[in-house]
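See the structures that follow.
Two complexes come next, and they have one chain in common, subunit A, joined by subunit B in the first and subunit C in the second.
This part shows the complex of A and B:
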């Protein structure tokens, strides 16, 4: 049983890292970024390419940095232009971006399912409550916890974090107070994209790499964001953990409808608490 | 259309008046290798299939009498409309006499109907659909290599014989997965084994840990994976992570081939059971074919499907030479069924009345990194199903049967 809880934490942790990037970009740019799943996918591929020449840890770092830079570029060229547009335009453009990135990866790395080996240091299993559990999965849980905690501290204590929270609450007033919103937004989008890349890199030893791998995590991340309340960091955290557990226990107890469970939760939230778990009713 | 036919008839009349010994349309025998040149099937067939076809042509001497043999290639990109357009153009305008390879069942089924209309030939080597020798059989195509029945049959019964009695299925939740689970499960029971459980996962899942833990706690000897592509790779990788094979359970892949194992790597793939009709390292003949293939294809070893292209093309050439023309596809296919087959890849074999090529199926186990001595040293042979039992009995749904 404990093993299932841990597996839920692994998946919940990855979902949180992806979902929090969505929340950041939505909070600052009011853009629902459908291309976010492909940033996760691209992060895994960048890690794959770097790990082959420079080792696992450099690979993680490279994925985060490359994707953060790509985030800056996208903010400048795409998201900034989209922020005052009709939501349907942002959906179309970011979805188009997803297709472009998938085809880019297909062209560079091909369609085969590539694999990344678990780093030497984290190979093997440990015995937990009588069952063996992979060490690498414990690392994923720890990494998600550390990154999540770091992000929370940054948002709660740093000046930029203050701006971000203020901006997410009321962009116009924040701008009138003299905050350079463009710079704050650009750096936050970079952080969001970098986190997606990092989580892709962290997930790469667990998953087969394919250009379509971003799709399923994107959908579940959106469920996390909706359930947590659009624009809420703590809501996304709670929702990611809940969905990670639901997903796993769904497979254990009701396998035939397991993939429906997160959607059922989302529907229930939209009907009974449309502002999300942590959102404020408007 | 009628005009063109008339012109063709006139042209062939003129030709036959000129050349007395044989009647070959435009004096070249053209073979079109139609497959997916860059997509998901490119490694298992793709450009390697063209190499394999060329090896068959060279082995045959490059010409029939004094008619040269030419190979052209087409990329159907896994899109039925594109595949069918290429095939039509080849048969109508480019003088292609036979189409080989054709991965992707929806395309191979469409092209088998097309060659029947035009009285040409299709040698289908990379498509797994059982229907090609059942309700969709035609007098103008033959089905080489393997099909879903033979995969399920070989893995299902041979693994039970080698001691894997209790099976648990991890199945992709769509028609293909269900079919494989049902067929393999039947063979397991026939061979005296039992199916202790199954769990279905959605197509393109990412986290298999909960499914694998259920498979593990089922205490089955064999966990059979009725899935493919990224689902297969994910489940194998994560099974390795949880150390499932170390604790004594075996994994069996129901639709896994050499290139899948190659890209998965032996560290994750070691110990998996799988079935194929060909492996490059089976005997001296297969090794000599593999050597020729590797020299022309960057050192890669041929897959079963590429070996099938070689074998099928070679047998087609023998039949054309025996018939003496390339214009009557039906007569050539009938001759292919009459002549026994023999080649380096599959040894001696035959083509059944319904177009099914018969040869043994082998059960392999993937080697561990320590056992493997070369980059393509991937399999160890652990079982064999004889040609007579490896394939589906004649199906009355095929109108060539029982006439």
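This part shows the complex of A and C:
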């Protein structure tokens, strides 16, 4: 039982790190980024390539940094231009970006599944309540918790965090206080993309790497964002944990409909509580 | 030195023109009012130097320098702080965070969180509540405090009396007079004429997006007021 909860936490933690990037990019650029799952995928591949040369930890770092830089580039060339566009345009453009990134990875690394080994330090299992549980999975839970907490502290206590929250609530007023909102937005998109890359790297030993691997995490993190109430960080946190658990218990107890459960939850939320779990009822 | 000057400014929202050839200038230590009926373009004057409305023909100088391309931070960094119409307090932030947001430009000066709290003690008491949980008058104090946190050379007040009780308006008038006494220049946009007469020295009357009269408040007659402002 506890093992299932832990497995749910592994998935929920990764979902949170991806979903929070979507929330940030939507909050500041009003862009729903369909390419976000591809950033996760690209992070896993960057980690794969770097780990082969420089080892696991440098691989994680490289994935975060490369994807953050790509985030800056995308913000300048794509998201900034899209921020005042019709939502349908942003969907089409970021969906196109998804295809471009997948093709890029297919060209560089091929279409075969690749695997990343668990680092020496984190191999093996531990006994938890009589069952064995991989140490690497515990590491994923801990990493997601630390990164999530760090992000929250950054948003709540730093000056840039204050600008980010202010800008997400009222860009015009934030701008007239003298905040360089373009710069704040660019750094936040970089953070969101970097987090997606980092979570792809962290997940890489658990998954088979393929150019299409971003698809399911994208959809599930969209569900997290919707269930959490669009644009809410705490809502996304709760929703990621709930969906991680649902997904996992679903696979264990009702495998035939497990993949539907998150969609059912999203539909129920959209119909009966469209402001999301954390949103205020209007 | 000129803190803010408009020279023959035309200004637009999209393709809709609002300001037509507006010129005025505010120097250090001056207290200037912009008057006019609802919808004549008073707020648009502010929105133009904030970059919210777009500048067509004409020139704006901020702190004596041509504005160039106006970015959202241009005016604030040139020492111009705005207390916007409707106050625009951010409810997602606490009272204290709203104030800290005001210090984003990092200009030197004597205004600190502590000094703003001394000016408006209620803000100290309620510093951890949401900015929009305050009453209208308190929110106006917060908006003024937020603007002061930037240590402005010129404080722009867009209809600060709107929706407030007469006693609060009197209190705010005292604050404005005090700020002026300390050397802060003021641009006051108001329809509450007794507030204007207490605070400002000179005025520009706007009508249909153009300045139709300028002068000192001492010379401004009730007759002229009736013609251009609903009293």
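The rule is short, and it goes like this: the second predicted complex is superposed on the first by the 280 of 282 C-alpha atoms of A that agree within 3 Å, B and C clash if a C-alpha of one lies under 4 Å from a C-alpha of the other, contacts with A are read in each partner's own complex, and residues count from 1 in each chain.
Convention: a residue touches a chain if its C-beta (ideal position, glycine included) is under 8 Å from a C-beta of that chain, and two chains touch if they have at least 3 such contacts.
Remember, predicted model here, so these are calculated numbers, not experimental data.
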Contacts of A:170 with subunit B and subunit C, given as first, second, both or neither: second
Which superposed partner A:38 touches (first subunit B, second subunit C, both, neither): neither
Which superposed partner A:162 touches (first subunit B, second subunit C, both, neither): second
Touching partner for A:178 - first (subunit B), second (subunit C), both, neither: second
Subunit B or subunit C, by number of subunit A residues touched: B
Partner chain(s) touched by A:204 [first = subunit B, second = subunit C, both, neither]: neither
Partner chain(s) touched by A:50 [first = subunit B, second = subunit C, both, neither]: neither
Residues of subunit A defined as touching subunit B within the complex: 3-4, 7, 10-11, 110-115, 117-118, 124-125, 131-134, 136-137, 203, 205-208, 210, 212-213, 215-217, 247-248, 251-252, 255-256, 259
Contact set on subunit A toward subunit C in their complex: 159, 162-163, 165-166, 168-170, 172-182
Residue numbers on subunit C that touch subunit A, as the complex places them: 50-52, 71-73, 75-77, 82, 84, 88, 90-93, 97, 100-102, 104-105, 146, 150
Of subunit B, residues touching subunit A in the complex: 38-40, 42-43, 199-202, 204-207, 209-211, 213-214, 229-230, 233-234, 237-238, 241-243, 247, 263-265, 267-268
